[in-house]
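Note that chain A is present in both complexes that follow, paired respectively with chain B and with chain C.
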Partner chain A sequence: MRFKLSTFFEYLVKLLPYLKVTFTYAGLSLVFGIVFGFLFAVFKLGKSRILRGIANVYTAIFRSVPPVVLLFLVYYGIPMAAEAITGKSMGRKEPILFVIITVTLLATASLTEIMRSAYKSVDKGQYEAGVSIGLTEIQTFFRIVFPQALLYALPSLGNLVIYLIKEGSLGFTIGLVDIFGKANTLNQNTYSNHILEIYIALATIYWVVAIATEKLLKYAEQKVKRELGRA
Partner chain B sequence: MLKLEDVHKAFGKNQILKGVDIEVNKGDVIVILGPSGSGKTTLLRSINFLEKADKGKLTLDDREMDMHHSSRKDISYVRKNTAFVFQNYCLFNNKTVLQNVTEGLIVARKVPKKEAVETAISALKKVGLEDKLDMYPAQLSGGMQQRVGIARAIAVNPKVILFDEPTSALDPELVGEVLSIIKRLAKEGTTMIVVTHEMSFAEDVANKVIFMSDGVVVEQGSPKEIFYKPKEERTKQFLKRILPVSDYVI
Partner chain C sequence: MSLNTEFIYNTFFLVLKGVPVTMKIVGVVLLISLFFGFLFAVVRTNSNGIFSKILGVYVSFARGTPVMVQIYLIYTALPTVLAPYFKEKGIAFDVYSIKGMTYAYFIFSFGMIPVMSEMFRGALSSIDKGQLEAAKAIGLSVIQGYRRIILPQALVKTLPVLCTNITGLVKLSSLAFAVSVFEIMGIAKTEGAKYTCYVEAYLIIAVLYVALNLGIEVIFKLVEKRIKIYA
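Coming up: the complex of A and B.
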């Protein structure tokens, strides 16, 4: 068996359209994760002991469960729970839905920690200076603390995006056809005759996406830094 | 003009302020002295509601408020009429020198931008930094940062400026430039309360020195009275430790 470059490109072209699926779950999970992560970060930093407890338990659980275990729990557990509650079967027709839920749960846990520590890394004195000069708490947060916290958060945010894109590939285990799922199908259909070409094409796509994400985030970081006069 | 009565504050079981009364008149330059842990900084911070006192009454002009159950309006009123200068400057790192000073004018007091910039520049002239308008805090020395902190405070034309150990975080050779600005402000009639360990500053410009220890005001009076004729034993002991004395042999 020899590696053929033309076959490699053939599969590269075949796989590329499915990147849309990958971007869909990664993008949606990131957006939902930012919303819920913000909420949990507020809980963690807040005064209420109960809310802090809830957020702590959440991050402790979801940071320690392996992603594939979580995916199975979501995939089998949610329809069962839904059926027990509503008495109707919801089925499991849309695997992407379960992947989005799973990746959102994971992203939320990471984003909670990213946002909490980014907030913490802006020293409290600047917040105090803001309110002491007569700004409201909300003005101080959005004008002073948030822009600086964002700068601290950007590198970890980049890592997270790459992680989400990769973790979502587990979706193939529940029948999701994203680039990884498609690659598996192609491989089976050709009886593993083009296994190298297919998986190298797949790896190349992941590699390019990761590099592009990294570059994009670097660019954003530089831009924010310039705004802050630190470049 | 500003009056504090019976201020109490504890952090957990640690009682920091045990009933402090202070009165400030217009034009007063008050220096608060005392060993660390005596509650000076906590007192200053609770005036600006950076700490919430457990008990106490604050009167600013004719407005009287309970320091523990203060409304948002009361807090905002006090903060808009006072200004705080922090030990470690606490400049907004994402804002330029000019923006640091205009922020409180434009955002908090709704001053039109043009007017705010003029006010800010004249405040920065007073601290000798009118040529650094577009620099960021990270590009400035500690002394310069603290001078921006002072400009930020005077720009809003507060009734009282609260200085919390404004020179303690500075390298020794930078202390002078900051102190001389505060001295000049004091001589121009700015009302201020200064927590400091700079004895010569206290002696030069204060019209009242308050000595605090263990959460209470032990003694207060003119610098002469406190430094040369202290009545209380605790004041004497403190001064003996902090001032160079003849029976101290190296």
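Coming up: the complex of A and C.
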């Protein structure tokens, strides 16, 4: 069996539409992760000991548990818990739901740390200076502190997006038909006759997405830098 | 919701038997990835040649593609191509006799080397070049300069990152079930399926992995405290 370039391209084209599924779970998890991560970052930076404790326990657990274990735990555990609470069976018909929940849990833990350290990277004097020239606290946050924190966080944010896409790719193990799931189906349907072309096509797509994400974030970084007059 | 406590009790001790296997994977991959990671880091900080460029492409691929895709490529696809090829060429080597553990070492090292290399690169570049020049000026060789001057400083700086990388490796090792290695995850998966106690099985190992990783973090915190005097 030899590697055939034409077969490789044939499968590349067949797989590409399923990238939509990958982007869906990564995008939604990122948005949810930003919301919850912001909340936990506020907890961590806040004065309340209880809230700080909750946020610390959360990040300690979800940064230590392997994503594949978490995915299975969510996939089997959530319907079981839901049935116990509501008395109705929710079923496991939508694998993407469990992938989104899992990846959101992981994203929240990472984003909590990213936002916390980004906020801390901005000198306190900046805030004081903002308030002293007559800006309100909210204005100071959004016009002075936030852009600088964003600049600090952007490189980690790029790594995070790649991480979310990669961890979510485990979704095929619970039946998600994203590019990975589709690649497996195509491989089974052709009795592994094109196995090399299919999986090299799959790897290529993930690789290109990762490189594109990096480039995009670099571009965003330049843009924020220019806005801040630091370029 | 009722959890099967008897299953949890019995399986816990069974799963514990997987801990040494996990440790073995982590230990071997750690040694390999530290060695090559350091080598690659030195090459990439000191040269801009073709070899350095090739390493750059490798790092980008290994970090940009999901580990599961790498497993499918190397463990699933490659042997089906190599076996007929060897037969055709008359090479008497049975590709299918390669053990799962060997694949685990290889694939996880493939993924970890770039991570370790980046860690060393960051540490090496954080140390002023003048230090090596000063070492040379007082009559030390380059190797002596690295060993006595640069490395002790670099190692202290790598410790927190090394901790993150090792816990990352522990999490990564949970994918060894995909190459038919029965470590913590593999045992839990089998037992969970045998007794249809999925939630319990994954709950046990989630706790186990969190305990392992938090333990590693505590050890590193202690080491850091003691070693700080050298920084």
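Convention: the second predicted complex is superposed on the first by the 231 of 231 C-alpha atoms of A that agree within 3 Å, B and C clash if a C-alpha of one lies under 4 Å from a C-alpha of the other, contacts with A are read in each partner's own complex, and residues count from 1 in each chain.
Here is the rule we use: a contact is a pair of C-beta atoms (placed from the backbone, for glycine too) under 8 Å apart; a residue touches a chain by one contact, two chains touch by 3 or more.
Computed from a predicted model, the values in this text were never measured in an experiment.
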item	value
Fit or clash between chain C and chain B when superposed on chain A	fit
Between chain B and chain C, more extensive residue contact with chain A	C
Chain B versus chain C as contact partner of A:Leu160, first or second or both or neither	neither
Chain B versus chain C as contact partner of A:Leu186, first or second or both or neither	neither
Following superposition on chain A: angle at chain A, chain B versus chain C, Cα, nearest 10°	100
Chain B versus chain C as contact partner of A:Val69, first or second or both or neither	second
First, second, both or neither for A:Ala109, with chain B first and chain C second	neither
Partner chain in contact with A:Ala60 - chain B first, chain C second, else both or neither	second
Partner chain in contact with A:Gln148 - chain B first, chain C second, else both or neither	first
Shortest CA-CA distance between chain B and chain C [superposed frame, angstrom]	22
Chain A residues contacted in one complex by chain B, in the other by chain C	none
Chain A contact footprint on chain C (complex, rising order)	1, 60-61, 63-70, 72-73, 76-78, 80-81, 84-85, 167, 170-172, 174-175, 185, 189, 198-199, 202-203, 205-206, 209-210, 212-214
Residues on chain A engaged by chain B in the complex (per definition of touch)	123, 125-126, 128-136, 139, 143-144, 147-148, 227-230
Residues of chain B defined as touching chain A within the complex	48, 50, 76, 79-80, 82-84, 86, 88-96, 103-104, 107-109, 135-136, 138-139, 152, 156
Residues of chain A touching chain C in the complex	1, 3, 60-61, 63-70, 72-73, 76-77, 80-81, 83-85, 162, 165-167, 169-170, 172, 180, 192, 195-196, 199-200, 202-203, 206-207, 209-211
